[in-house]
Amino acid sequence: MASRPRHRILVVNPNSNEAVTKGLAAALAPVQFADGPEIECRTLAEGPYGIETQEHVESVTLPLRRLVAGSNDIDAFVIACYSDPGLAVCREATARPVFGINEAGVLTALARGEQVGVIAIGQRSIRRHVRYMRQLGLMDRFAGERPLNMSVAEVASGEKTLDRMIEIGEELRDNDAADVIVMGCAGMARHRQPLEAALGIPVIDPTQAAVAMAIGAVQFAAT
Amino acid sequence: MASRPRHRILVVNPNSNEAVTKGLAAALAPVQFADGPEIECRTLAEGPYGIETQEHVESVTLPLRRLVAGSNDIDAFVIACYSDPGLAVCREATARPVFGINEAGVLTALARGEQVGVIAIGQRSIRRHVRYMRQLGLMDRFAGERPLNMSVAEVASGEKTLDRMIEIGEELRDNDAADVIVMGCAGMARHRQPLEAALGIPVIDPTQAAVAMAIGAVQFAAT
Amino acid sequence: MASRPRHRILVVNPNSNEAVTKGLAAALAPVQFADGPEIECRTLAEGPYGIETQEHVESVTLPLRRLVAGSNDIDAFVIACYSDPGLAVCREATARPVFGINEAGVLTALARGEQVGVIAIGQRSIRRHVRYMRQLGLMDRFAGERPLNMSVAEVASGEKTLDRMIEIGEELRDNDAADVIVMGCAGMARHRQPLEAALGIPVIDPTQAAVAMAIGAVQFAAT
Amino acid sequence: MASRPRHRILVVNPNSNEAVTKGLAAALAPVQFADGPEIECRTLAEGPYGIETQEHVESVTLPLRRLVAGSNDIDAFVIACYSDPGLAVCREATARPVFGINEAGVLTALARGEQVGVIAIGQRSIRRHVRYMRQLGLMDRFAGERPLNMSVAEVASGEKTLDRMIEIGEELRDNDAADVIVMGCAGMARHRQPLEAALGIPVIDPTQAAVAMAIGAVQFAAT
Amino acid sequence: MASRPRHRILVVNPNSNEAVTKGLAAALAPVQFADGPEIECRTLAEGPYGIETQEHVESVTLPLRRLVAGSNDIDAFVIACYSDPGLAVCREATARPVFGINEAGVLTALARGEQVGVIAIGQRSIRRHVRYMRQLGLMDRFAGERPLNMSVAEVASGEKTLDRMIEIGEELRDNDAADVIVMGCAGMARHRQPLEAALGIPVIDPTQAAVAMAIGAVQFAAT
Amino acid sequence: MASRPRHRILVVNPNSNEAVTKGLAAALAPVQFADGPEIECRTLAEGPYGIETQEHVESVTLPLRRLVAGSNDIDAFVIACYSDPGLAVCREATARPVFGINEAGVLTALARGEQVGVIAIGQRSIRRHVRYMRQLGLMDRFAGERPLNMSVAEVASGEKTLDRMIEIGEELRDNDAADVIVMGCAGMARHRQPLEAALGIPVIDPTQAAVAMAIGAVQFAAT
């Protein structure tokens, strides 16, 4: 392997919040192997500050496509927003693998439990996410989704975030029979381990899940 | 990460054919990172020479469980047989992640295409696999499964194997509308790349897919 | 009813082909009632000449949203493209009804037959349409979709179009067990009646179906 | 259009309660266009006073069939009872469109929201309605059905009906995640608008929905 | 058990063809145990000569209900027509078990194979049967249904019937992947054993299946 | 029938608790017809004392297979444990019918009600049972499963068992909308009748259901 140049995985944060991008980089450090693929986290310049509405989603689809189409030095892409914005159009633009973190997170969760519960930031994204679960054909494995009902800012900053995530995770586990949890946002990774410890069931960070799939995709490409 | 001892992933070949185990090791070399998890491929001593019947499947479930329960130095397990033998009982035996290659292979395929086609070695395993797809709740994404109708020995040895895989892959792609293929056997990895090149759609080796998920699971465990 | 101002329904052709827009107007003439809602067919200025790819779809979502958000004098909207571009984001932008012709066409077909067959213009849109059927949760009523494999220009112009539609419709009816057909394009309305006569099963023009729903939505709004 | 005789749509109330038939006529007045199809509401002579049991349903199937088979001057039929009695047998009797209001109501609702909630009059019809939703293949879009637990008389007469409908609608919206409501009875149309205003989500009167579809079916028949 | 009066199971042939009723009695002789339930096969006086259309189905629902409601000496009922006419209304009329042979036949088949194939007499009943499979929620286990395309008279009389059933059974087995067959008619029982022998997979006579369930229901009623 | 030797049905209790086997024999007495099949209840020598975990399940699969393969004098088998251990491998070992009581119990319940509720002994088996319902493709008919949360010993002995079963049955009926109950254990048969009387909806003992199917299978084998 040594003589071959390292593969490159681009993780795009489609919102323009650099703190989120930095959080992604920190969350992915454990798979930055010296002789493995380079994992670059990049902020989409054209992105809104947060992606909370369908309009936000639509606003980044073509910028993401342009980024993908123009990045010839990248072997695989991860779109790091739980709405999986632009996934279909990016896949149309390249034969290289493009992963959406919602899709990859839920699929990975299905290898860890029977029924997937999702923690959302806000109530209003849930209907969009459920429609997406139906599009994925995975409703028979879907336990439910419940919102933190916190602002993105609160989620990012606060100490109370973990407490609230545990509370919601317990509802998903105990009321909805979830036995694996997906964190429904790109910016919650640092809570993954303590949340898993508190709940006693696997907790999946969707960006980490997507990047693990991407590592496989690029490393095994020639074999 | 340097000071932490490397994580360990155990890939178990549940049949007693050492050639298959060696093939697994070769297929997984691209993710043997110097500072990543150690990936050990091991033959199950108690396994039959091949796993072709339900009786073969049942014969390895408890030996696999014992192996898992007794391997305290392992952080994640991959059961490298497309029948996913003993997956439920191994998961009952440990809180550490256990991956089955059928489950992981199909889930990974769903991140690469809309409808999954599976190449089986023989006709008689297809009904078992379809039942399993139903258990996984994934029938709405299942394009079909078609057999090579070759013996395991023929598959392992011959040059004709790839030709036959291409032929069957084309049927799955053109008649069943599959746009991603899973190779339904642990011992086909070396054909992955030429098969993908010939078909023009992604081809997933299920052991590679499971190991990629396992790498994510162990590396992100503490974050 | 006479004293009430007429309701207004805006049918948007999201591509910039004026001939298509004129065809829509002709196809909708039978429901232009003197004392019913005004039905206006309008070309989306920002649209591409045809909508054949996911990129084309994405390119019109925000222009459609702006049109909807800015049209305060309109009581209901119909997006007249079989890819239902921008449907979710337009619905987010207004509390007034917004209909997509794929959705409305298939739902209307389900009131006319057991299993819906769809005639597509080209092969490459089928996977997108099937994903959408899955998103709609309607796979158990979906007989299949088959392409004309003609260019949009050929479809629009030629006499051979009807012959080809009959041929494909027969395949859907006889091989896929469809007992109702949806024409999977906004520009095929003039073939609806002869196609239905030739096939002997109901044929749904999706724009007509959507407009019928829209008439109900606006007329019954106050009752 | 002027020289062509007007199309005719027959809306049959399968129970013998003339007040219900009059209510239907009032509810459909907004689509009685001068140059549109004539919409006639008629009471089925043989119908029971109300259709509350399966026996009531069965008692009207053949009378409805006879009515349909004998009405050569009618272009489309609407069976205005939420149990959709005789729908299959009436469709067997004629090539002209026959609409059932449950089917048409739910299908129309699916063009207005993601998950449909149904307000039933009594508990005992719910199991029948759920079985019917399963027959329609629409369970993945079904939020739930809840009963008013009022008699048909109470529903028809009282002022309390609307209050009770709002209460039940709120439960469907808030507990069952419905984002569109179908009124599960032919005689509730006058509550549609205030109920929709109170709930803030679309409310579908199923007879109105079926008649809108019927208008499309007859007007577009020759185009 | 000796002192208890024997339970009674009534098997109703809803058509007026006495030959069919006699065939039922012959087919059920193997479970006429001396100390078991009495199994009586009776012709519905009001039935048409054959039940081939939806109108035929509807014509017997209320007569069947009356029979059930008036037969106080019967412990369980079997409606011996593959259209399961009147099943819901008969169940409404009594708390005693009422079995439909389509429902019981398919459910029993699901205990003998993975995918059920059905042999129909004619093409036109298939759509009705498929709708019913959907109502039963069993589409994921349904391999397909294929018609003999013979008249009921031909089926009853001829030697060619078995040959044709074998031919169709082979198509279901080989093309549709059925591994268990249901004979989709009450009058085919005498072909069950040779058909099963020829196909090498289980063949279910639906009346026999329903009566076996009924024996369990009545015999275990007090325990 | 008289001259033919009686058919033989073997009901295997896969745990080594003889009291359970005796209970099975008592529960099946009502179908021990003098001229019907002999029904033998036998304890699996190799079985654990109870089957409560996946490990217990796996421990009996091959012993069950050996028993089936070696019992040439048996015409049909019933595996009397609600986990249906070894069902697939036993079916592989013989062409004679093998029934699992979970499968047969649920399928029989579907002929008695719309939505099946299951009473489990303990919480931890529920996830396994739900996975199995998904494998059976029956989720659309599954109301839910609730645990007694009693030990097997408590269930077997106590008077409180029935009270607790009624309580849980009421929850399944009233909260989960079940209209038929399956007792999710081989050792609850003596509570079937009083539980059914208390709940007012059918209650299915799964071993009784499986044996009724087995009687049909063996008696009709030659006809």
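We just call them A, B, C, D, E and F in the order they show up, numbering each chain from 1.
Please note the rule applied: a contact is a pair of C-beta atoms (placed from the backbone, for glycine too) under 8 Å apart; a residue touches a chain by one contact, two chains touch by 3 or more.
Keep in mind that what you see is a predicted model, and the values were worked out from it rather than measured.
Counted as hops between touching chains, the shortest connection from chain C to chain F is 2. Between chain B and chain F, the least number of touch steps comes to 1.
Ranked by separation of Cα centres from chain A, the top chain is E. Averaging C-alpha coordinates per chain places the centre of chain A 24 Å away from that of chain B. Centres computed as Cα averages put chain A at a distance of 52 Å from chain E.
Chain centres here are Cα averages; for chain C and chain E they lie 44 Å apart.
Among the residues of chain F, those in touch with two or more other chains are 131, 134, 136-137, 139-140.
Chains touching one another, given as pairs, are A-B, A-C, A-D, A-F, B-C, B-E, B-F, C-D, C-E, D-E, D-F, E-F. Within the complex formed with chain C, the residues of chain A that make contact are 53-55, 57-59, 61-62, 65, 86, 88-89, 92-93, 128, 131-132, 134-137, 139. If you check the complex, the residues on chain E that touch chain B are 114-115, 140, 177, 179. Looking at the complex, you find that chain C touches chain B at residues 127, 130-131, 134, 139. Note for the complex: chain A touches chain B at residues 1, 27, 29-31, 33-36, 97, 99-100, 103-104, 107-108, 110-112, 136-138, 140-141, 189-190, 192-193, 202, 205, 208-213, 215-217, 219-223.
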